[in-house]
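For reference, the structure is listed below as structure tokens.
To keep things simple, chains are lettered A, B, C and D as they appear, and every chain counts its residues starting from 1.
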Amino acid sequence: MSTGYVYHELYGWHDTGTHAGLLPADPRRGLQPFRHFENAEAKRRVHELVVATGLVDRLTRLAPRPATDEEILLVHTPGHLARLVAANDTGGDAGDGGSPFGPGALDIARLATGGVIRAAEAVVDGEVDNSYALVRPPGHHALSDVGMGFCMLANIAIAVSAVRASRGVERIAVVDIDVHHGNGTQAAFEDDPNVLTVSVHQDRVFPPDSGFVTERGTGAGHGYALNLPLPPGTGNGGYLEAMRRVVLPALHRFRPDLIVVAAGFDANPVDPLARMMVTAGGYRQIGRMLLDAAAELCDGRIAFAHEGGYDPVYVPFCAHAVIEVLAGVEQPFEDPFGVNFDNQGQQELQPHQETAIEAAEKLVAEIG
Amino acid sequence: MSTGYVYHELYGWHDTGTHAGLLPADPRRGLQPFRHFENAEAKRRVHELVVATGLVDRLTRLAPRPATDEEILLVHTPGHLARLVAANDTGGDAGDGGSPFGPGALDIARLATGGVIRAAEAVVDGEVDNSYALVRPPGHHALSDVGMGFCMLANIAIAVSAVRASRGVERIAVVDIDVHHGNGTQAAFEDDPNVLTVSVHQDRVFPPDSGFVTERGTGAGHGYALNLPLPPGTGNGGYLEAMRRVVLPALHRFRPDLIVVAAGFDANPVDPLARMMVTAGGYRQIGRMLLDAAAELCDGRIAFAHEGGYDPVYVPFCAHAVIEVLAGVEQPFEDPFGVNFDNQGQQELQPHQETAIEAAEKLVAEIG
Amino acid sequence: MSTGYVYHELYGWHDTGTHAGLLPADPRRGLQPFRHFENAEAKRRVHELVVATGLVDRLTRLAPRPATDEEILLVHTPGHLARLVAANDTGGDAGDGGSPFGPGALDIARLATGGVIRAAEAVVDGEVDNSYALVRPPGHHALSDVGMGFCMLANIAIAVSAVRASRGVERIAVVDIDVHHGNGTQAAFEDDPNVLTVSVHQDRVFPPDSGFVTERGTGAGHGYALNLPLPPGTGNGGYLEAMRRVVLPALHRFRPDLIVVAAGFDANPVDPLARMMVTAGGYRQIGRMLLDAAAELCDGRIAFAHEGGYDPVYVPFCAHAVIEVLAGVEQPFEDPFGVNFDNQGQQELQPHQETAIEAAEKLVAEIG
Amino acid sequence: MSTGYVYHELYGWHDTGTHAGLLPADPRRGLQPFRHFENAEAKRRVHELVVATGLVDRLTRLAPRPATDEEILLVHTPGHLARLVAANDTGGDAGDGGSPFGPGALDIARLATGGVIRAAEAVVDGEVDNSYALVRPPGHHALSDVGMGFCMLANIAIAVSAVRASRGVERIAVVDIDVHHGNGTQAAFEDDPNVLTVSVHQDRVFPPDSGFVTERGTGAGHGYALNLPLPPGTGNGGYLEAMRRVVLPALHRFRPDLIVVAAGFDANPVDPLARMMVTAGGYRQIGRMLLDAAAELCDGRIAFAHEGGYDPVYVPFCAHAVIEVLAGVEQPFEDPFGVNFDNQGQQELQPHQETAIEAAEKLVAEIG
């Protein structure tokens, strides 16, 4: 078992400034300068935990390279790339007013996208069995012509397009477990029946008006976008049921040649940017299910790309658990918060969660 | 309308150290040093917002004084006080292993408790119409013989006992809207029919095993403890319904001489330590309902004591909204996050939330 | 004895962003995002110490108001004001590329300048005996047509001009003990014989090419600018000798009607932005000398305006010592670092420092 | 040319808590909680810069291992080791009240010491040509029976003893360019004529009463300890003269088999913990001189161990410059602060600095 691992210290240098969490600081609006929710800490601490526990010694370090213009333009418009190029010396915003960056950010964003490409290519090429790209900034909200939701470039959509172009991979399934809707990835492939996008997320957090179960892809792609909006407050029970009844069946029907996972950990029980309760133990099981599905369906070819996850303290344990699964670690490192978080009230599946799951479950049969 | 306001810069000096959120940093457990969830930022920023918007000019500053041993011993055992005295030169933990403090912390804790006493006394004495004590450390988890959940002294329980002793106030209702169960306050008065404790909280977050609807007080106090554990994911709709169907009816049946509010803002939509979605707008309405109830029931005598609330960015807007209500501000300062948070999915009352509310509603009739 | 004290929480909201100390973060130049040396901490902590020790109870709080356009234009060009107005919605730089600010910063800068005006007026009006304006951003580097060195508006120069205009004060001496050259104040009055500017600073730190002993004012103002550039490494001994042999004699010859002190504390022994070693004890003596001079020369009329000082830990003790002197505190609060810093090597006057002092001493005789 | 490089993310996990710079936070002493001057930032940012510029690709990563009890006891008393073992579960202080640490710190300290050992061994073994160990906590103040000045274990003294024991290296010269006196290393070898310790430092900063030019070693070691206390305010000129007239001649007389450098960068122009002005350019030249000396004297065998340096912004550029020299980089990465810092006043050699240098220069002739 070999697991590729992408990380670069420059990912932590992406500068989201002194925002008051989500909004630019401004005394006139009562917004005292602070830090952006999307800052370097959570991701840097994932990497440091991976090193501190020795897990890194079980991994194969893969060096990222910058994504090229050609790769970026597989998904984005020339206008969007030009926008980012133009602002690269001064810093600016990726286009939605909520995705700030500093000077040189495009260089870092290219390295993030290139890291996901590298992780996917290494799996397809058999260089490693599976892989984890711990990149920053995230990507799954970026649309073809505009950045969005802290995302500058559509890391995963670009990587999917790149490995299809360069490696001839035909069918790719993207499973997005980030707590927010993977709208950018969905949009990139909405009319493409060869890319299945499945997004399990909290109902209408971000973007505020997408991710409905009724969004199913368009044209030839109809049926190949699948959304499961879960109610706020869903924990391990609901998420695992969603995996069992929606995500895994969808993968089995689609029979991908490669699975790419949008590995957001913002469904954790202390994340500021959502209201879910998935613990490191829950993520471990989700990771295991996805790995098993890959084993059954596509010779184990699965690549994870890090997306959201904003609590600097707990995200590391969630991501670490998933990377342990990828690496086949048999004695997992203990989650010191597990005794608390695993036992919080209503971690188990609730009836109103089951209702939401059933709505998506019905659509699975129409895949393929 | 005059509103008393207690704040002291020393509240920000209470030192919870470099914990990894909740647990002591320890490389052997994978716990990289960081900051405690309960640090100075959220409260200091509440105060700074109150100043920055000019709201402070509508308030009457009340200077806190340290709570005396006599006052503390109204609720706590000599053993607990001795524990805190013993550790005051070195720092230590308030007793449960999760309530760290630094040298001199007892001095600050006394000032916090004394601040709540001051705020309550000023209302009872008619010095102000109502009041807000923005104190730290919090208090509602502290038990008679041990600190707990970041709490060193039971600020509110001590203040309630103190105003009863010094001012002869007979019947006091404590409404605890902190997202965690107000177990300490409940325990302090569990057999006392003259103190009604009502706690609306998220089901089993903290403490992990209390706050059940079945906890109703003991002996003569049976019926005078009321708990409403709401499901994770509850937003403005559920909270306002809980106010209308449980909290306000309970206050009307009890007919207090004074209302004390445990004003935790950790039910906000980005708080790390719970999974609720009450926005500044929601808190404003809750504050308004409580103020109106006080007006009807006890000549407006109501004192708020700050408890939890851990997101440094948004807690200020939540607390500011409540203080504006107390001060009778007619043109509220706009919540810049409102447009996002007020419209997140499932903010409205959900059926499974209503079920939880109904269970508590049934018990209200037995009060008084 | 009454001492006016100006502080506003908004001073801490001035946003200097994520600079790498002095330079904009930029991965291409190796500049990882961090914090600006000139951030809120040092000043906020001065205020918090003043409150924590109870010193604030000896002071008369003076509320600052924003400086008006008219006041600003007493010193600055319309072009500079227009520059700041234009950038007030987006944030920008005050003109030299090293003075960053965020949205709404001009509002804060006006409040800082207005705070110094308020402190000076209160002294002139006899409302208080003396005063201390703890403001931010600083001002003494700002030139008429451009901000500079973290300064947006020339706080002191404007205040001096304003009290001369509004109160008819004739002769004002500005003593600048900030470790950097008070070039902006000097420039504002370089040809004015009624404003004496004395600057004691480290030789060529900032600005890199001004503050020479040969800069003496121009035209009618010749002789009324006095500069004492001290060698790096100067401690209490050198500074006190500089006071005795240069600053105090200059004040005595000039016989001002009001003394304004540019109270920078960046000559402290742990400041990052200079290499001096003046301790809280040293600052206390400097403050005492200036207060005594004011008593002898101008009925005690002296107003202090806070300028630089960048170590968040020690600046508070330095400023606190000076404010204690102003307030006539007899039992000073102990500097906990004094035992270390007061005894570091070469705190006493060194021969090469004396040489520098003598060069300036010779010029004093030509004043007046 | 191959250069070994030791770094481990756990070095950043050493927890010095919420000290007010140097002293434990305590409201009663006016000490607001903050961060310790010796925190992870400066060192972590050195490593990140080494990665960000690509310099890491020119280096040979050497994995550190924990120092064993046997190695530690080569320098320390069993009592000191027992003290650290006893406090390893709770955290504590290394013995002087100014060297705080958290739980598990001994594990990290062992890894730091082991990193220096590894770096030295790799050079002696010819595995690499030279090496740089970027470790934390530092070590050069630790005495045999007590930690001191942020140091838990005497990293360099232990490494020197270890390579002498394990590799039979006979004569080792330790050059300590940290701005504080290398008292611990000196003490470890004070009576040993086979270990030359040379320390160039600021006169009496820390420890307050050691590092005098008159300290020359004891017994057989007389003459083999050499101290050059420079006046505060010394810049590149003074340091380079000190290298030319004292350090290099001493090395040439001693003719070591291995040079170990205590590479502190706290003589930089913005360091809080000293008052010197050595820029990255100055450090580059110092590094070059030492490397050249090693080439001439001991086949290039030189190992650098990171010690102090407390400004998180500029220390990285200083250390990076030295590592570039070791690695033989021909196109150095530009110091973006150089244009400012290199030209500050009195960077060139001053007469009073020369006097101090001459006092040490006279002693060189007496070395073996």
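To be clear about the criterion, a residue touches a chain if its C-beta (ideal position, glycine included) is under 8 Å from a C-beta of that chain, and two chains touch if they have at least 3 such contacts.
Everything quoted here is computed from the prediction, not taken from an experiment.
Taking each chain's centre as the mean of its C-alpha atoms, give the chain farthest from chain C.
Farthest from chain C by mean C-alpha position: A.
Report which interface contains more C-beta contacts, comparing B-C against A-C.
Between the chain pairs B-C and A-C, A-C carries more contacts.
Which of these pairs, A-B, B-D or A-D, matches C-D in more than half of the residue pairs in contact?
Answer for the repeat of C-D: A-B.
Averaged over CA atoms, how far is the centre of chain B from the centre of chain C? Could you give it in whole Å?
43
How many Å are there between the centre of chain A and the centre of chain C, using C-alpha atoms for each centre?
So the centroids are 51 Å from each other.
Could you list the positions in chain A whose residues touch two or more of the other chains?
As it turns out, chain A has residues touching two or more other chains at 10, 12-13, 27, 32, 48, 52.
Using the touch definition from the top, list the residues of chain A that touch chain C in their complex.
Residues of chain A touching chain C: 10, 12-13, 15, 17-18, 24-28, 32-33, 40, 91, 102-104, 107-108.
In their complex, what parts of chain A are in touch with chain D?
8-10, 12-13, 47-48, 51-52
Which residues of chain C touch chain D in their complex?
20-23, 27, 29-32, 34, 37, 41, 45, 48-49, 52-53, 202-205, 208, 229, 231-235, 269-273, 275-277, 311-314, 316-317, 320, 333-334, 336-337, 340, 343-346, 350-352
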